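Look for chain A in each of the two complexes below; its partner is chain B in the first and chain C in the second.
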Partner chain A sequence: MSQDETHTIDIIGKPSRHKIQEKIVTYFMLLCSSVAILTTIGILASLTFETFAFFQKVSFLDFLFGLEWSPQTALRSDQVGSSGSFGAVPLITGTLLISAIAMFFATPLGLLSAIYLAEYASKNVRAVVKPLLELLAGIPTVVYGFFAALIIAPFLRGGGENVGLVISSESALAAGLTMGVMIIPLISSLSDDVINAVPQSLRDASYGLGATQTETIKEVILPAAIPGIAGSLLLATSRAIGETMIVVMAAGLAANLTANPFEAVTTVTVQIVTLLTGDQEFESAKTLSAFALGFFLFIITLCLNIVALKIVDHYKEQYD
Partner chain B sequence: MNSVVMPNELGTTDYQTELIAGKSIIQARDVDVFYGDKQALFGMELDIYENSVTSLIGPSGCGKSTLLRCFNRMNDVISTCRVTGSIELDSQDIHAPEVDVVALRQKVGMVFQKPNPFPKSIYDNIAYGPRIHNMTPSKVELDEVVEKSLKRAGLWEEAKDRLDKPGTGLSGGQQQRLCIARAIAVEPKVILMDEPCSALDPIATAKIEELIDELRQRFTIIIVTHSMQQAARISQHTAFFHMGYLVEFGETGDIFSAPKDERTQNYITGRIG
Partner chain C sequence: MTDNINILIASSNAKRQSAERSFRVYGIFAIILSLSFLFIMIGSIGLRGATAFKQSFVQIEMEIPSDKIDADNIKRARFGKLLKAALRDSFPDLKSRKEKKQLYKLISSNAEYSIRDQVLQSPEIIGTKAKFWVRASSDVDMYLKGYIDTNIPEDQRRISDLQLSWIGKFQDAGQIESRFNTRFFLGGDSREPEQAGILGAVIGSALSLLVCFLIAFPLGVFAAVYLEEFAPKGKLSRVIEININNLAAVPSIVFGLLGLAIFLNFFNLPRSTPLVGGMVLALMTLPTIIIASRAALRAVPPSIRQAAIGLGASKVQTTFHHVIPLAMPGMLTGSIIGMAQALGETAPLLMIGMVAFIVDVPQGITDAATALPVQIFLWADSPERGFLEKTSAAILVLLVFLIVMNLVAIILRRRLEKRW
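On to the complex of A and B.
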């Protein structure tokens, strides 16, 4: 910097000091955000590592295609116990059955409430109903589990007896229905946002052509909102697949391979819980299988979430 | 029919518009519009003449778009909006209980400020109206309506090879002509246009203006515009609004060359607004 010239406008300062300040702030923030990222990486790494350890003991194909799940292995060498079979198929079908029941129940209810809230409800009704619906999402899942095990399941069982159906006291139906109630607010809230994001100009165009409100919703708003609604349904599905507490309490532990909603089934998450609660020998295939199941679950929900978010994002771009 | 009394808020300059020829198709009488407690239009008295273009001009917030939306009862959609007084279309009160707003909007079509094609194909955009009104029992007839509407909107040559492509893929000017085609596909009598060129470049605007002049042969057009040049170029009648009052209404030539009211004079010379 030459000092021999005199300037009337002074722009000379200490850039180095500002640079250091900026750097400190930047690195501090990077540190903060890396805590979460590193934790995720750590979880993934341990999950992967233990999963590999499990597949040292049990063949991958047996796990993925085996039809029998009975993870009891002998704890002591002199113990007479089952050798254990780790076929995940009954768990996966159980998970899918319960999730399907939940979605089957929650999709129409959630979607119709979203349409009602977004298009029909007056401001006052909306101000009351929307928070009430979202309150459902705030109920701890263990309370839902309670509700399922103590009220829904006995009710279904009694109702079934009256019409000559045998419904076991722990059934896929009871768990699925309760889970359905739990994910209604998820579907309705996300779909409501999506429907509201359909531009008013499209509604005006439709009304301006003489369409009724029903025609406008059916022909213009829903088609425009379908991708976003599909995204919200996928997110809800991934939530249902990952849900644990309700199924632990209401669906049972029996790894039945069945499509009958009146029977007890078990899910991937329930088995992880039962495998890891209590004292466990860490090196046994039984314990390690929990990690394999967790890894498997992680992959499924990750894929669902990625697809769902892609769909939702893509839809958002359309109207920006 | 030809003598229209125009009161304004001063209540002084009642004048007659004897020169205006043609048949009056819409008569607004003593129309007040409220949004909640706020009054947006005061004692509106206006006649719209058949097969002519009527421009509604005035500064922002003067009530011209509000009045436009009264003609097809689009204000019904806004829950806080209340309209009093009488608006007659072909001697029928459009607020009468026996009037079906669906039928009204079929007869009084609308084109909006921003082109708003449905996220559907070009074909389905045009077919939307005829389908919901069950106007075309067969596919062949529907095809004809689509072609005719696109031709009338001057979009056929550009769109005929891509009818199954999304309407949102067209340029802004083409989209607006698509919206005009969509509006005329249901055979309206009157077309309301709310600043249809404000989102368009000058070349697209020129095309729309040319189109409006052609459409006048078949339809009655009411257009809200902020461009006084546009009003002067395309309309036969002009109404000037200020602060919710109709200040002056007459033949476009007269309004722009010899305005009777000082506020009109100020507005068209650019001193207010």
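On to the complex of A and C.
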């Protein structure tokens, strides 16, 4: 009897002490997971704060619709162009031009690779090719940037000279192509997952009706996988827009408003890097404009990501 | 009638078969093209970088007069003057200052210090005539490695005909040697390509990654455990989850802006340091670690949890005594892959000022430092021919580090991970 009693006391006594400890542990872990939210809040707060300060110096409409970007503020106020001009349009078109070239190049290559790997390739081929493509994705972007400046740009320039085209050594084409190479594995691995998620029953039904493998892919699998593929293309676009090192090393610095891929253009990320490396005085419009560009970049990529992830999630649920 | 249909089917079959074949070929072509970029990139950089592991040395015979060098105060002696005199002695027929200047340019500008160090090591050579191997200048090194075309006009190349004749004489006398370039691995950055090394950048990267791991690993693991094992499946955990997925796709330069605005300008942490670099990288790798850790936790079968709870363990005990140890290999491999990504990251480090020219090897996390990818970026920007080779070699070193980290992750996964 007495033994039983001590047990009861133990059981009642221990849990209550444990319960407090466990509560503390649980709250500590909740705190850890909220760091992710704090990071987002930190990004938003710091960017909004500086951007707001920037728009007190430069009008919002001038920034969004201005066609000229030359952020150099002069030392003396009586100099020509002393205020600098902060029209973001050439940067945005430059970013879009390079991203478009990258996507134009990477989409067919990435998609065809994914289709081949998912539908045709034997297990052995897959086991070799997939890690190699992942290797391509694992190479740091600074290496791509060096490759673009060292090999691709001179190659394009030389090729252009041979056929009578003038291609700038910092052309949008060189940066875009290199970025495309970087994006191929991203598209192929995401699309590979998406294509693999299409249920086997759809394939079997198509083969049963006498369709060839190619017809099955074109008429059945791709239409079924289109939303997922669209999602992965959006993610890849967002990656291209936010990519920094390739364009810093291979694209130009001057803000040209052009759609010609053979000319040099600059991008939002290039300008952020140029404005914030080297000597900077804080609270000048020049420095603050980098944060405004960063804010803009964050919002655009965030919207693309949210939409893309929603599409992919929705698509996966459809076949689960 | 049936004949007609048969012919129709036969002809359309041939068309369908050829469409089948060509589609297959497109796929193969796409893969080959993508992979050929990989090989061209690594191949071209590898070829350019391989020569950087060797460096040309010139042997100089030099008088170490005891009347000019005080054995008790070797550091104060002026070896530069002696070295120049020795060089002039090798080619006594030089008259003009211009020619002499060209002669001095054959050897690295820090050669006098390496001679001083050798004399410091063996002071007994004072008063004798000794032979020293010193680094050739970068231009000479580039010429000897075959990067300078001597067919172009003299005024357009970095090395003159006169210098070429001297190099020829040195070569004939066996006074030029190509040696393994230890300084590349053991030295800090320099303005002179032949003296530049990556040790400072490697240590900077290592310190940043250390800070990054110490912050991101515990945070990421606890966050993953909470989200996977404890979080009520409500709105809050859904918000956190979406947030983490989105953070993983935020451009890295935005994290750099965050670091600049919050860590540097708001908290006034020291600029250009591995401390801040590691903190920024930690925030970037956190989503990767959380996502990988959650996958590892999900792979632990529910029966483990049920057994522990059935034996009277509490939720926290079950998680910490049973689930986490079983998920640890997966969490570690995910973290190593996250660290490998962080090692290659450049843009956010540019934002927090780890892009300065720093000669000294950093001693701690609050010393100004640079990182390996940033060093690559800096050298890639330098116009000298010698840095092209150094950039490629630094890329090779970076790739080796990345491959080793990924291999460790793969081996760890194979060794420790259980299949349930």
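Here is the rule we go by: the second predicted complex is superposed on the first by the 291 of 320 C-alpha atoms of A that agree within 3 Å, B and C clash if a C-alpha of one lies under 4 Å from a C-alpha of the other, contacts with A are read in each partner's own complex, and residues count from 1 in each chain.
In this section, a residue touches a chain if its C-beta (ideal position, glycine included) is under 8 Å from a C-beta of that chain, and two chains touch if they have at least 3 such contacts.
The structure presented is a predicted model; accordingly, all values stated were derived computationally and were not measured.
> When the two structures are superposed on chain A, do chain B and chain C clash or fit side by side?
fit
> For the three-chain arrangement built by superposition, which of chain B and chain C touches the greater number of chain A residues?
Between chain B and chain C, the winner on chain A residue contacts is C.
> Would you check which partner chain A:224 touches, where first means chain B only, second means chain C only, and both and neither mean what they say?
After superposition on chain A, A:224 lies in contact with chain B alone.
> Who does A:150 touch here: chain B (first), chain C (second), both, or neither?
Only chain C is touched by A:150; chain B is not.
> With the two structures laid over each other on chain A, which partner does A:170 touch: chain B (first), chain C (second), both, or neither?
A:170 contacts neither chain B nor chain C.
> Just to be sure I read the superposition right, which of the two partners does A:26 touch: chain B = first, chain C = second, or both, or neither?
second
> Using centres of C-alpha atoms, tell me the angle at chain A that chain B and chain C span after the overlay, to the nearest 10°.
Seen from the centre of chain A, the opening angle is 110 degrees.
> Let me test your reading of the model: by the given contact rule, A:209 touches which partner, first (chain B), second (chain C), both or neither?
First partner only.
> In the overlay, answer first, second, both or neither for which of chain B and chain C A:263 touches.
Touch partners of A:263: none, neither chain B nor chain C.
> So if I take every C-alpha atom in chain B and every one in chain C after superposing, what is the smallest distance between them in Å?
8
> Would you mind listing the overlap between the chain B footprint and the chain C footprint on chain A?
212, 215
> Name, in rising order, each residue of chain B that touches chain A in their complex.
Chain B reaches chain A through residues 72, 74, 77, 79, 101-106, 109-110, 112, 114, 116-120, 128-129, 132-133, 168, 179, 182-183, 186.
> Considering only the defined contacts, which chain A positions touch chain C in the complex?
Those residues of chain A that touch chain C are 15, 18, 21-22, 25-26, 28-30, 32-37, 39-40, 42-43, 46-47, 49-50, 108-113, 115-117, 120, 129, 132-133, 135-136, 138-147, 149-151, 181, 184-185, 188, 212-215, 217-218, 235, 238-239, 241-245, 248-249, 269, 272-273, 276-277, 282, 290-291, 294, 297-298, 301-302, 305-306, 309.
> Show me the residue ranges of chain C that touch chain A in the complex, using the header's touch definition.
Going by the criterion above, the answer is residues 16-17, 19-20, 23-24, 26-31, 33-35, 37-38, 40-41, 44-45, 48, 218-219, 222-227, 230-231, 239-240, 242-247, 249-255, 257-258, 260-262, 265-266, 283, 286-287, 290, 314-316, 320, 340-341, 343-347, 350-351, 353, 355, 373-374, 376-377, 380, 388, 391-392, 395, 398-399, 402, 406.
> Write out the stretch or stretches of chain A touching chain B in their complex.
On the chain A side, the touching residues are 122-123, 199, 201-212, 215, 219-220, 223-224, 318.
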